Amino acid sequence: MTDARPIPDQTPTPDQVESQALDDEILSGGENVYVAPPWKLMWWRFRKHKMAMVSAVILILFYFTAIFCEFVAPYDPDASFIQYKYAPPTKIHIRDAEGNFRAPFIYQTQRGIDPQTLQIGYVEDTTTRYTIRFFVPGFEYKLLGLIPTNIHLFGVPEAGEKQGVFLFGADRLGRDMFSRIAYGARLSLSLGLVGVFISLVLGVILGGISGYFGGWVDTLVQRTIEFIRTIPTIPLWMTLSAALPVDWPITRVYFGITVILSLVGWTFMARVVRGRFLAMREEDFVLAARLNGATEMRIILRHMVPSFLSYIIAALTLAIPGMILAETGLSFLGLGLRPPAISWGVLLQEAMNLRSLVLSPWVLTPGFAVVISVLAFNFVGDGLRDAADPYAR
Amino acid sequence: MKQDQLLIAIKNLKTYFFLDEGTVRALDGVDFDIWRGQTIGVVGESGCGKSVTARSILRIVPRPGRIVDGTITFYRRLHDNGAGQIEEIDLTKLDPTGPEMRNIRGAEIALVPQEPMASLSPVHTIGNQICEAIMLHQKVGKEEARVKAIEMLDRAGFPQPKQRIDSYPHQLSGGLRQRAVIAMGLSCHPSLLIADEPTTALDVTTEAQILRLMRSLQHDLGMAIMFITHNLGVVAQMCEDVVVMYMGRIVEEAPVDDIFHNPKHPYTQALLRSIPRLGQKTKERRQLESIRGTVPDPYTRPRGCAFHPRCTQRIRGVCDQTEPPWLEVEPGHKVRCVLYG
Amino acid sequence: MLVYIARRVLLMIPTIFLISIISFVAIQLPPGDFMTSYVAGLRTMGENIEQEAIDNLRERYGLGQPVYVQYIKWISGIILRGDWGQSMEWQKPVKDLIGERILLTVVLSLVSLLVSWFIAIPIGVYSATHQYSILDYVMSIISFIGVGVPGFLLALIIMYFAQTRLNLNVGGLFSQEYINAPWSVERVIDMLKHLWIPVLILAVEGTAGGIRTTRANLLDELNKPYVELARAKGLSEWKLIWKYPVRIALNPFFSTVGWSLASLISGATLISVVLSLQTTGPMQLRALTSQDMYLAGSFLLILSVLTVIGTLISDILLAWVDPRIRLEK
Amino acid sequence: MKKLINRREFLRLSALTAVGTAAAACGAQPTPTKAPEPTAVPAAKVEPTKAPEPTKAPAAPAATKAPEPTKAPAAPVSQYKEAPMLAELVKAGKLPPVDARLPKKPCVFPVQESVGKYGGTLRRAFSGVSDRWGPTKFVDRFWVWYDKSLNLQPRIIESWQVTPDAKTWTLKLREGMKWSDGKEYTSDDTMWWYQYELQNKKLNPAIPSQWRSAKTKKIVKLEVPDKYTLKFTYDDPKPLFLYGIARSVAGPNTPSHYMKELHEDTTSDKAKLAEDVKKRGFDSWDRYYLDFAQYWYANPERPFLGGWLAKGALSKELFIMERNPYFWAVDKEGNQLPYIDKITHRLFENAEVLNLWVTNGEIDFQNRHMSVANYTLYKQAEQKGDYKVLLGISAGHVAIQLNLTTKNKLLREFFNERKVRIAISHAINRNQINELVFNGLLKPRQYSPLPMSPNYYEKLSNAYLEYNPDLANKLLDEAGYSKKGSDGIRLHKDGTTPISFVIEGTDQTGTPTEDAALLVSKDLAKIGIKATYKYVERALYTQHYESNEIEAAWWGGDRTVVPLASEAPIFRATMIDRPWAPAWGLYYMDPNNPNAEEPPQGHWIRTIWKIWDEEVAVEPDPQKQNEAFKKILDIWAEELPYIGILGEQPALVIVKNGFKNYLPGMPIDDTTADEHLLHTETYFWDDPAKHTT
């Protein structure tokens, strides 16, 4: 047995210096001062997930664009510019032909057509250039539907009708892809949220009841789920799109379909929740709560739901991109939104052909918007899941 | 106690957890020894570092925790050829996932965990989980391992082990699960069994049975037990020596009787005051004291004696300024407190 | 357990009966019938058909009869004679049509499913055990891209590059010269040259979901006490993780495998359409659009029944892999 | 710059049109005395006039040289020559010699470029049984068919005669003509069809109008004075008889010796037939007969008269057709046709896969599904795919139909105002739509017969085409629609309801036609009319027009090559899927139809019907008939019931290099079998060995 024990390091750490003040607080009963609220803990853990942080920023940008798309878009997304048909993304220069650095500008382009194939091409005319300016006047719109204005984020006001700045090129009718994507974000990013929300609420409540009570309640809910899940969705969609009034605006039609989708979608959520409940209702803390005389609803909501919050968050964030993708899938089937409505699904369907892929690949940029938003949602969801994980250290 | 009876010597063990919120010094210089056949109790409030000590010995400190300093010397008695010969191994130097460490884990040092239900895989039979441990450390086949497992279960007081070895954990009562876990821990005849609050989840009758069982098994098998608990009653019943921990440090170490009858450290004294004594009446139980205040935030350890903010006998200007010394007040009774300096 | 299964099977009968009615009604729900869409189709392609002829046809196909009469005719044919009726568009027995395509469909779906699991589970395990490592991020990004790219778009792009860069024939599962050829080594090679595209796309989609599920579930399990105890037993990390937490984390896979049953048959409809695969998916979609009543109805019935059976299989599998559920029943 | 090119394109196309008319009376006259003798009109004459990207090979094979002379059967000197693969069968004794297989006087098909070579495979694509028209239009041959100048000529029959009152038509069959199983084709076959098919109540609950007298509605009388003569007698004049028999797929050409065994009234073994019906999954014999037995592509065993025979069912992924050894036509040198051995049609589920096949050179000859929007795509890959994009002229038009009989009272009043329709026509910027959507490949025109049509009428084609929004506004003001709402939309005459209607269409997203519809709706907004384009599922569309619930429709217009052949249904409002007046059209066809509505007295549509019924449909003399039809077109030019936008759309025909005898620049319309107008049997490969699969 060793007798000589080294005296621990006595150099005071900054922490220790502060301890005097804290000391008094503890003694005076300020016990909660060191307990970070749960959301703060979540935020700390979430911050750790670098990709989730980046993704959250991207999503904020996307939603900003969706809300203020008129401001972000330099052009009316429906305006056809006959002279810009199939224009590729406009090159933005910071160095002119003489090699001088300047504020970002673009050159005037000249259109040419191959007489054999009718292929359209554009060449830059380096003698005429237009500076890109910010907060420039453009087409009239109402910001947030309220404030009439004509100020846009950026543009080339000097060019007038002669030349446009097309960040992502122009489509087959000479419409600015960037403006169209910005407008498309509004529909694509917003419509799915409602569907996800409905399926979430239904799924958690019914799945929870089913898994928690078991017995005939479980059987009933399970049969219902089974039944709903066996109703084939495609004919259902077809019926709906046909049955909805012809004069309904297309967004309302799609909104209806989204709601129906979520009415089917909740069953997935419910199965997950039920499985968790089955495993969990045996656990001691549930028993303890019950012995304490907590009501069943309270047991579910206060004790069991928080314990698998991570699952719900994971499923939720996976469901939002699922909805975005469902929109593109529906459009592909011709059951979703239709022009003149602008959504990413519609833009993608317009571009879903070999011609676009070979001759004007830039019209596929809505695909990137979809991928990036899905990616971002997934990372944010992942980060949230990890942050909310009750087992996380 | 002869030197060759030393089983484990822990010196200046520091295990820190590196979190975003700050560094948690879960163990901040822990020293104590475990002797062969000894039953040593480790007591303290939640978060004082009891379990981390156990996990440090087993080298299964979960990330982002890490042993940053100190040694854990394990004196291994070689069985096969050089019978009785002793090999010194510093466990902190081993790769925690490497074969050497794994050969010690389970075989030489076994763990009986806190929650037997959660500690058994719900989808494997207990037989499967016990046999696995046996086959891992002994060169035996499946059949033989099964026989040994049944034997172990039997010894652990598991009724009808032959029939019930293929049960799943959730089919068993809490007591039986704990017996199964103990059987698993003992299956390879370890020289140290770390029992991490093995009876917290059990009712009093079962707790008593289990404790009795552990004692008799220790008697039969001659192993050392490191008994981690916050229940001083259990300590009194089980242990020969007691180590009291507070905020990652040992504040008092003494034979069990000394701790109970002559506690030195104010913390130990407070602990003892907070538990009901045997024979106390229900009425009196209301007069039990709790230790005032709460354990400080683990990121900001108070300066000086970590216990001073809660201490009734603290001396202003001393306790909150200087590290208290580690003093042997009586033979075998050590305390970390300025009151005895 | 057996009683449980028997009870479930008995319960299935009324469910399936109800489903068969719903399937049949579902196809009738969209406005018009096969003749309207048939005529509309002809006219789209510049063909014409006289109104008189349309009326005759409608009568001949029994489309004028009340729905329940058509339903009874159809369902009794299936139950009594195993006769699924006749496809109006293809003018062949439904049984033959589905039979011709089912083998390739199942092969394709199974291969894709297995490939995606084969890739997803190890990667998911790695990502969970090495959370926040660089590889974890890389895997996550790749898998999320897999989730994010619409399959039909990916299909078109891959097809185009397979043709222009790899000089492969694309579309369908065989080159033209092997479509009707008897099975031979060359034919198999030719099939593999085509098969990888759909398998790749399907696997990418499935893998992404699989990685995500595995990782998420495993992360939940990794810190459970039983993992620690197993570690304390001296098990190696590798064995430990695969035997305990992975095993439990994979339960959701088992509980969804039954549900994949229906999708095995319907195949990945959209992708098959884009790739022009002769699987059942495109046929089903087309039957639905053209309101080819018996063909569409049969597809819906088969899929529904498979879903019901699949759910049962899922539950049985889940009970089988998770004794907690099994022994309770 | 762009404009120039477009004009050139148009000039080129117009030149082709001229060729079509100039070459009238070309083509094989089937009645000459001796059979294989090359007819007076050498096909080569056409060549110099052939327009864009001539497919001509550097050197056409010498006209005298017989194809594959070495392999010609050595046996008794044969009058005709045949394909090597058939010669081998003959040698092996599996097939009678070629002379015995051909009729005494085979039909002589003119060749567009040169006499061809035997052999090779032609690869095409189709999208399923419902898209069987690729195979059928390639192969189906009728009693009579069009020549290059769109005049009808005898084909299966040797000749026809008609009485001056156009009531009795006598057809002469070719003696010794064989079905594909070698049995002779005689008047008995048609008689059997007349007795057991046409008059069978199950198979034909109602007799098709072709086989009924126009007024008495009685069935035509058929007599067969001898084995090779058919005599059809109607109660009323039937001047359009020939057009009717130019498109009768499974009608009178019925192999009675085979079909009678599959007919429940004439079969010798009823039990076996019943079993076969069941085996093939049909629940009734009539469905079995009509959906399966009588069609060569569904039932490959059925003897057939086409140039190629089905091998296997059409529902398979690859539909294969092989040459008919008994085909009854030869070229001018006596080579039995067809030249090409095998035609394959490959199934695709998605048009983009077809496009990939095209650009990769896996398609040899295709017009169906080749969208004009893909012109640049196809042209760019010409070299890589080793093909040429040739142009035909599609009969289709981009057009909008305003429903003059819509149930919406205010809209009906609006649409029925002539000035409104003319205003709408002037409001559409046709050139912009053409440039933006169609690369300028189309031509602004009203819905009207094509220039190469015998019924071309310039006044209608060019009516009200000018883009003139001011004029449009002026016309609308004049018509009493000068009041506008606060949003700039004009108001109906009730003074409160804005003028707004829905244009229903079924075009897929991203297709040029949908783009055009959206542009039109923008143009109309500029003159204060709110026209919303809405996609509807096509079955729903059908339901809407059938029940007259449609306000306006976006559906093209075709049948403009030989409008009389299909009885000009659009011009008479009887083709109600182009619903410019569906309720009136239904009334005209059947006054008892629940959705039918009588047009007002003195309405110009009554005049159209009167001219058709009393002048066009009964006039035996084609010249006078056309004159009478012109009166109808004149009413159209005045009233403009249908707003045409663009037409003369180039139809893209993918033609593999080395593929010969296809004449580009021809009109492409349903009535004339699309791109298969001229003798598909004379197509051949310059190098057949390179084209075997």
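Going in written order, the chains are labelled A, B, C and D, and every chain counts its residues from 1.
What we mean here is this: a contact is a pair of C-beta atoms (placed from the backbone, for glycine too) under 8 Å apart; a residue touches a chain by one contact, two chains touch by 3 or more.
Bear in mind that the values here come from a model prediction, so they are computed numbers and not experimental data.
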Those chains which touch subunit D and also touch subunit C: A
Most central chain, Cα average position: C
Selected interface, A-D versus A-C, where C-beta contact pairs are more numerous: A-C
Approximate Å spacing (C-alpha centroids) for the pair subunit A, subunit B: 49
Length of the line joining the C-alpha centres of subunit A and subunit C, rounded to whole Å: 27
Inter-centroid spacing, subunit C versus subunit B (mean Cα positions, whole Å): 54
Multi-chain contact residues (two or more partners), subunit D: 352, 356, 537, 539-540
Multi-partner residues of subunit A (at least 2 other chains): 48, 238, 242, 282, 352-354, 358, 393
Residue list for subunit B, restricted to those that touch at least two other chains: 62, 170
Subunit D to subunit C touching residues, read off their complex: 123, 128-131, 133, 204-206, 208-209, 280-284, 286-287, 290-292, 298, 312-313, 315-318, 320, 344, 346-350, 352-354, 356-357, 360, 362, 368, 396, 506, 537-543, 546, 558-559, 566, 569, 575, 577, 589, 669-670, 674, 693
In the complex, subunit C residues that touch subunit B: 223-226, 228-237, 243-244, 247-248, 321-324, 327
Residue ranges of subunit A touching subunit D (in the complex, touch as defined): 78, 80, 82, 85, 112-113, 115-119, 172-174, 238, 241-242, 246-247, 331, 334, 338-340, 346, 349-355, 358-359
Residue ranges of subunit A in contact with subunit C within the complex: 48-51, 223, 226-227, 229-232, 234-236, 238-239, 242-243, 271-272, 275, 278-279, 282, 310-311, 314, 318, 321, 325, 328-329, 332-333, 348, 352-354, 357-358, 364, 367, 370-375, 378-379, 382, 385-386, 389, 391-393
Subunit A-touching residues of subunit D, taken from the complex the two chains share: 1-2, 5, 8, 351-352, 355-356, 359, 373-377, 379-380, 432, 435-437, 439, 441, 502, 504, 508-510, 514-515, 518-519, 521-522, 533-537, 539-540
